[in-house]
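Data block below; observations after.
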Amino acid sequence: MTVHAHVAPSGTSRVATGITRYWGIARITPLGELLAPPRLSANALRLGVQIFLVVCLWRALYAQTSHVAGLTREQAVTYAVLATLAGRMRILDRRYGRDTVLQHMHFGTVIYWFLRPLAPRRYYVLRALGDQVYGFTWALVGYAICLWAGAVSLPSSTASMTAFVVSMLLGQMILYHVMQLIDLTCFWTLHNSAALLILQFIQNLLSGSYSPLWFFPDWFNTMSSFLPFQFTLNVPLSLYAGIIPPSDAIQQLCFQGAWVVGLALLTKWLWRRAARRIISQGG
Amino acid sequence: MHAQFRGHENDSDVIVARGLCKVFHTTKRRPGFAGALKSLVAPERIEKTAVQDVSFNVSRGELLAMLGPNGAGKSTTIKMLTGILVPSAGEARVAGVVPYEERERNAARIGAVFGQRSQLWWDLPARESLNILRDIYGVPRSEHRARLREFDEMLELSEFWNTRVRHLSLGQRVRCDLAAALLHDPPVVFLDEPTIGMDVVAKEQVRQFLRYEVEQRGRTVLLTTHDMTEVTRLAGRVVLINDGRIVMDDSLEEIRRRFGGTWQVHVTFVDPYAANHLDGDSSLAGLRIVRREGPRVVFGPDEKHAPAVHEALKRITQRYQISDLALEQNDLEDVIRVAFQRQKLHEGADVPPSNIAEISAAGVHER
Amino acid sequence: MTSIREAVKHVSENRSISRSWRVTWQFIRLNIRSQMEYRVNFFMSIAIGAVWQVSIVVFAVVLLTRFPGMGNWTSSEVLLIVGMRMLSHGLYVLFFGRIFELSSLVQEGRIDTFLLRPLPVYRQVQLAFFPANAVGDLAVALCLFVDSLIRSSIEWSPGRITFLVAAILSGMLLEAAMFTALSSIALHFPTTSYWSTWLDELMGTFGSYPLSILPRAAEAVFTFGIPLAFIAYLPAGVLSGRSATLGVPESLAILSPLAGPTAFIATRLLWNHSLRRYPGMNS
């Protein structure tokens, strides 16, 4: 007949259960991709071709000049390749798996987030973390290959490398909060797919994924310095390539830190409002 | 007619709803671009009462069916009982926990399937989804394996649980969703129109599974549905809900007895002259003779003191020798419809003239 | 027409043709009207179409203001490629763009519905919804195209103008042909949508640049593998007087506007063939 209560697990096994649980959740998106070798190889091919073509493009542009806007050919090519690799960490496409927040709201499956013994926010965080770590693995492997193939060069000093690593970490945190904010707006309105696409484009443009921000006119850069986007990609990559010297690194890292803290507070507040809204409107 | 709930709750009541109300506040949508701007600047708020004063109990091991038209408030009630929505007034308790106050604690003890919404991950094989849920709910692996085997026997999951959910048919997906909902052995299960859109064979399989879970495993189930066959096959008790209020809360038999009054028993007597001597037979009190054609007689219920149809059958067959017997009974849909209409009449709601004749004929209707 | 019967048949066929085009026009009007109901989303979609292209524009313009040219092409010559490609693409999205969404139409079961109606399925696919984003797309494309014409130093003779118009229309048909070919496969293998997205990405990224910047092998792939070169690179090269250095025989370059119609007819036949064997949604 019944349901016997689970015996409460002891300390270590509780930790083990916790880890299994979090691991199981974090690996959902990667698992979907890994279980489909054709999709996996297609992604690898795409990345490879993109990097190859980007290298050709920038080398051709620099064929007749050596310095443009303060960047040498090596710096520009390195930047572009790293930007392409970092693209794997920016957004894992969950639309195909019907797994974006917008889709969950649209299909109504978001209610199940509230029916599990797991806080919705923690679930979201675990998924995002899993996606980023997976993307990072791709980027790392790609980086190693590019280094070996000579598409990118190492940074000029260990100071640059360290600054880059810290900056990239902070930049990813900023990006993660920005994505979370965008996802959270879906809890309020569903008719915003167009606005979301525009936001994504703005984000890509202003973070420097299309081209190093150094080539943009000054007024543009002044404007974008008030937004967090340039700190997600342009600053870390510029530190790597030596466009921003290590001496200026501390200042940039402070800016990044400030954005992380500010955005973290904002998202925390917004999550509370979002959960309250679901609970009053029913999803 | 007030909604009657089963007196005061006792210890074996697993789901308790008391005076639940839910009022939604939305802003009125004005058409056109100017309207959209106006709504942003000076929104006009409208209130919509989805559920009003809903009270009922469900005891352990019982399956309660909640019936009602679209928009009656069934889904809203279930959402309040599962902790997704916070009621505007009233209280609810499920297995001793207030769902909207202790959401996570409640979540570990309930399972839910919402029709047409799957909780499985679209891009992963069904089996993987079940494994992830096992980890989320903290079910030990051996238990999980045993339970999956059990579900597989009844629902034939192993035929397709290695396929990605996006490639499953509706019937397959619902079966997986059911397995997912029961994976952690919850004592209480909420089902919101789970079999909607499924084919007959799959529906029957699901029904058998549910019956097994309720009867053999003692789970408490609250089921909302439109499907009368489901109600007939599964439910012992039915709650009718309309416009956010409970219309009726009674056992199926009782409802049938009160509103399913119309039945007809077609009898062919062995003795061709027996039909002429029926009048004045005291054992046939409460039975009305609708038609007589030689040895064939059609009995129907009398206005007052009409017995239930099986009682009538018993009396006729005990008293007379018959060579042929046929039975016509209102199907449940008609019964429920009459119940709703009677309710509307009692509340003085506007009843369109075409229905009045039907109602005033007190349930007797021609087929 | 040798007999009255044939004449009558001809007339009634024409009437049914004009009827089918009238129905087509009705569809378009209905689509527009239904999308206009969500005014905000409609205008947002137009904005997205524009905004998406501006990314290419910004990239191209910024690079060209900072760099003297690409390969041995001057900036204004590269701008002509960009302008021609964008205009062809905009026209393609307007008239044929829905073929890109074929996989979702298949999944929604709409192809099955289309098969029951007395209009060609290909046309119904195009009429599935009105592409509001194409309006924005085209607006930007026209601006850029006109700007490139102004900047170019080409002497515009009637012959050159005809060639230009033919090239643009051919580009539109060629892009349509490529996606029609992919969609013919998508009717049977839904995962093809992934390749469609990739192709779209590739063409968007590299269709706007002179292919001479790529190594010979890559140039060959984009000329004979994916016929990207025929869309804007070869015609622009001919107009700029470089027909000898385009990596293909000069005669082929001059005949490049024929590639579009040829490819389109061929892939339409492929589509018909594939449609006849369409197995239905749930297989």
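For reference, chains read A, B and C in written order, and residue numbers begin at 1 within each chain.
To be clear about the criterion, a residue touches a chain if its C-beta (ideal position, glycine included) is under 8 Å from a C-beta of that chain, and two chains touch if they have at least 3 such contacts.
Here the structure is a predicted model, which is why all the values come from computation and not from measurement.
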{"item": "Count of contact steps on the shortest path from subunit A to subunit C", "value": "1"}
{"item": "Most remote chain, CA-based centroid, reference being subunit C", "value": "B"}
{"item": "Subunit A-subunit C separation of Cα centroids, rounded to whole Å", "value": "32"}
{"item": "Chain centre separation (subunit A, subunit B; CA means) in Å", "value": "47"}
{"item": "Cα-centroid distance, subunit B relative to subunit C, in whole angstrom", "value": "54"}
{"item": "Where subunit A touches two or more other chains, by residue", "value": "96"}
{"item": "Shared interface positions of subunit C, touching two or more other chains", "value": "40"}
{"item": "Complex interface listing, subunit C residues touching subunit A", "value": "38, 40-41, 44-45, 47-48, 51-52, 55, 58-59, 62-63, 66-71, 191, 194-195, 198, 201-202, 205-206, 209, 213-215, 218"}
{"item": "Residues of subunit B that touch subunit A when the two form their complex", "value": "24, 61, 76, 79, 82-86, 100, 103-105, 107-108, 110, 112, 114, 116-119, 121-125, 128, 131-133, 135-138, 140, 166, 185-187, 216-218"}
{"item": "For the subunit A and subunit C complex, residues of the former touching the latter", "value": "38-39, 42, 46, 49-50, 52-53, 56-57, 59-65, 68-69, 96, 191, 193-195, 197-198, 201, 204-205, 210-211, 215-217"}
{"item": "Residue ranges of subunit A touching subunit B (in the complex, touch as defined)", "value": "1-3, 6, 9, 17, 20-21, 23-25, 28-29, 31-32, 35, 96-99, 107-109, 111-112, 114-119, 278-283"}
